[in-house]
Amino acid sequence: MTTATRTFDWTSDEIMTVAAARALGDGMSCFVGIGLPSTAANLARRTHAPDLWMIYESGTLGTVPAHLPLSIGDGVLAESADAVVSVPEVFNLWLQAGRIDVGFLGAAQLDRYANINTTVIGDYADPEVRLPGAGGAPEIAASCGEVVIIVRHSARAFVDRVDFVTSVGHGRGPGDRERLGLRGRGPTRVITDLGVLEPDPDTRELVLTGVHPGVTVDEVRAATGWDLKVVETPAVTPEPTAAELSVLRSLTGPEARR
Amino acid sequence: MTTATRTFDWTSDEIMTVAAARALGDGMSCFVGIGLPSTAANLARRTHAPDLWMIYESGTLGTVPAHLPLSIGDGVLAESADAVVSVPEVFNLWLQAGRIDVGFLGAAQLDRYANINTTVIGDYADPEVRLPGAGGAPEIAASCGEVVIIVRHSARAFVDRVDFVTSVGHGRGPGDRERLGLRGRGPTRVITDLGVLEPDPDTRELVLTGVHPGVTVDEVRAATGWDLKVVETPAVTPEPTAAELSVLRSLTGPEARR
Amino acid sequence: MIAPLDEAIAELVHDGDTVALEGFTHLIPVEAGHEIIRQGLRHLTLVRMTPDIVYDRMIGAGCARKLVFSWGGNPGVGSLHRFRDAVTTGWPVPLEVEEHSHAGMANRYLAGASGLPFAVLRGYSGTDLVGHNPHIKTITCPFTGQELAAVPALNPDVTVIHAQRADRAGNVQLWGIIGIQKEAALAADRVLVTVEEVVDTLEPVPGQVVLPARVVDRVSVVPGGAAPSYAHGYYERDNEAYKSWDAVGRDREAFTRWLADLTAAAPAATLEGTAP
Amino acid sequence: MIAPLDEAIAELVHDGDTVALEGFTHLIPVEAGHEIIRQGLRHLTLVRMTPDIVYDRMIGAGCARKLVFSWGGNPGVGSLHRFRDAVTTGWPVPLEVEEHSHAGMANRYLAGASGLPFAVLRGYSGTDLVGHNPHIKTITCPFTGQELAAVPALNPDVTVIHAQRADRAGNVQLWGIIGIQKEAALAADRVLVTVEEVVDTLEPVPGQVVLPARVVDRVSVVPGGAAPSYAHGYYERDNEAYKSWDAVGRDREAFTRWLADLTAAAPAATLEGTAP
């Protein structure tokens, strides 16, 4: 007996974003990276987490943007913020001081210990691909209470060891964050377009703990560049609700563009 | 033949303040201490130095107060300032960065090398007199391009060696400021109610270079707690002009009080 | 979030705490200091760049075992006699003193607010503050070899400030001379803000500092709570009060009478619930 | 003080200088960058937290020998192809790269503006940035023994920023997202500010930063000078311009044509004095 392939009325990017949004609790403070993290955080604030306190590295604290910001320093972030502070202040007095509950990051390359590379693919001195670089990520990964990573799943992105550690996840395993003086707990969830990975409490290695509806464990393994461990019974992500999809599409659809 | 004693139509405090005001060049930036320095700086700005740029440690930059501020943080300083910044900013980004031409300080005790004591008279652990302490003075004395000190002359105030070095003048002599890493030139003039003292270019010891009208060198020597050296022909301070006195009295007279 | 001053002090301030009441001449939280006296708090380490008459009163009342400061005087008037008496004779209780320069104190708060254990500054070099304060050390620049001063971060258990306004959620807005209040609040474990008024919406004001509600523990409405200092846009400095304090503070008996009057008076915030 | 842009650039920027054009997404001094290209400046060390299309253009035009930065991309679009080409193939000239995190760059400017030789931060620990950048060192807290990161002060020869307004004396006012502009300007030896307009009086605006005239060397009136980025209160971000740059920057020939067009056009400020 073969399973009939069901067609969903949402995309893999959409369930990734919805799953990421659900990772944010109401009332949390969240340091938001641009791109997918920003979409997910704004979705959370418009659904289950109306008191999510969003902070962007451009210095906008407690911002409530009327539409999705197009860049990290979009004017819509400043207009609605509790306060707008300078870049040194956002990093020193807010992030470094340990005031932010969750950091929301993307990645170009991610390894089995959730270390992040956004610098180069290949050798640093003679790179195959030159990526944008660190931005705020190293200190977001170091100082937020925890880190949630959103990244599309592929064997090119999910590698055994990143070519360059731009931002530390769990280093090479247990005790590394403490040894490095990193105060936050580090990545607690990696949310992809296929499922959810979490660090094993003992080894700190990323383990597949959940899959999105219609995704098989073998598909996730094939899209992962190391021998991915899987929990006994991976959870299946609840499907996006009509309300979640409606808000998400109002944020990202063509009508949201100015 | 005896000299007739002339009566002046100004007080010794007034000529002190006028002489101090004249020490400020137009267009200079001046870090202003409260009390006599503030009176002198505001007099300068209203007479020969209309573009004097005054900065107070309360964070008011380029302030043009409509009346003499009563305290270092008087509201009149904020209302008229080019910018109002925080206390860390005024000390770090403005004073420490070396942007201020002249620091204008008072003193409770001053020694032959123009070191300033505003902390204690007597032993630190068991003081005869507990004074207010350092305030902004140590770093004003360290970082301004030069320092002008205003203090009333008395043998109790002008001592061979201060009981406590709150703010460094010329240390114990030549090379001391450089050795201590103090970037400004230090005190270039001490203006009192009797005359003007300047550091000897070679020894850095304060030398009497000028007396106010009607003051004799012997009087100054008697009011100085060390064997005061005197230049060959001390200058005599030009008397306050009618304009200077008029502005000064409008600043300090009863009609200036609110 | 919004609570009467007596409740807020009772909740946030405890015997033995390190407490900073900040406000650089402007917006000094004087009424909060009075309430600390009324509640008979003891063994406090009081921190303040410019201890003035509010700390003179708290020291005279015996609240403090230690004072951390950079300039202690009655601004524009003269000395703090209760402070002097405590330092020189130990009345009513001995007062330990740790003193800095303004630059040092400002950077200690800034480091505390920034989550750093220390701050670096060009300061103190050659002064006798160094020898009398073990909290001033030297650090060498790893790039240039230059020697600079290092001071430890200051992280009060409680910071109390006064501001012009808060909204009902506890977002705080202050303006005019902004001093060290933001850094002192962000450096503290707990934050109490007394305000002139609570409003529905904080209309932006040029030169404002906004402290988001999430870094504020309690807001107490205390109109005039900064007097005899001033609140920009609300009331001016009462210079006569500073001058007249000189005679009270100078004399132990006069001070003791002042103290009895203060502690006899119920705090404004609880008056309506008090029997005659 | 107030001078045409071409004169101001000629006076303040020289071959081999370390030059920072700052503006964190907002108020990017794009026209000043174009004028640097037009004047054919060479061997610059370009400094900027977020090199975006203005630095892609300057790098493609061969102005730079080194880039000091923390995030290099076309925000919301993708890569900077001229930057990539210079780094990976050395076209048109090799580009040395020194990279930091945002926190590191912000603190480098802050130290530079504060007259300190270095800054301390919790940062970089465990990252490969440390091994690839000799300007990241470790420092030990003299009070707690904790290890922290140290980065050297950044003091550009010239900082260029764009602001909404200046007055005739050269006092500069900017607001909205204020970024790193104040620190970058105060860290520099020379400062050029392009502005949307010069006004008689700078009416205070909530959230403003004011740079007093005495820290500004030249003000040039360049309306629209931040486009395609935006100037809060004046114009919005031109997202299409960012997107369409991708195709131009991706192709050396298309870029070379763009560059020829740019250098053929006389700068706006000198148009009236130029023969046809």
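Letters A, B, C and D name the chains as they come in the text, with residue numbers starting at 1 for each one.
Note that a contact is a pair of C-beta atoms (placed from the backbone, for glycine too) under 8 Å apart; a residue touches a chain by one contact, two chains touch by 3 or more.
All figures in this text were calculated on a predicted structure; none of them were measured in a lab.
**Q** What are the mutual neighbours of chain C and chain D in this structure?
**A** Common neighbours, chain C/chain D: A, B.
**Q** Using the touch rule from the top, work out which pair, B-D or B-C, shares more C-beta pairs.
**A** B-C
**Q** Quick check: how many Å separate the C-alpha centres of chain A and chain B?
**A** Centres of chain A and chain B (C-alpha means) sit 59 Å apart.
**Q** Need the CA-centroid distance for the pair chain B / chain D, whole Å please.
**A** Measuring from centre to centre gives 41 Å for this pair.
**Q** In angstrom, rounded to a whole number, how far apart do the mean CA points of chain A and chain D lie?
**A** About 29 Å separates the centre of chain A from that of chain D.
**Q** Two or more other chains in contact with one residue: find those residues in chain B.
**A** If we look for residues of chain B contacting two or more partner chains, we find 92, 96, 143.
**Q** Using the touch rule from the top of the page, what residues of chain D touch 2 or more other chains?
**A** 115-116, 121-122, 146, 148, 182-183, 207
**Q** For this structure, give each pair of chains that are touching.
**A** So the chains that touch one another pair up as A-C, A-D, B-C, B-D, C-D.
**Q** Per the contact definition, I'd like the list of chain D residues that touch chain A in the complex.
**A** Within the complex, chain D contacts chain A at residues 24-26, 49-50, 69-73, 75-76, 79, 83-84, 87-88, 99-103, 106-107, 109-110, 121-129, 132, 146-148, 176-180, 182-183, 207, 209, 230, 232, 236-237, 239.
**Q** Along chain B, where are the residues that touch chain D in the complex?
**A** Chain B residues touching chain D: 29, 53, 61-62, 82-83, 92-93, 96-99, 143.
**Q** Could you pull out which chain D residues touch chain B in their complex?
**A** 113-116, 171, 182-183, 186, 210-215
**Q** Which residues of chain C touch chain D once you look at their complex with the stated criterion?
**A** Going through chain C, the ones touching chain D are 115-122, 135, 137-139, 141-144, 146, 148, 150, 152, 204-208.
**Q** Mind listing the chain B positions that touch chain C in their complex?
**A** The contact residues of chain B facing chain C are 34, 57-60, 70-75, 77-78, 84-88, 91-92, 95-96, 119, 124, 126-127, 130-139, 142-143, 164-168, 171, 176-177, 180-183, 258.
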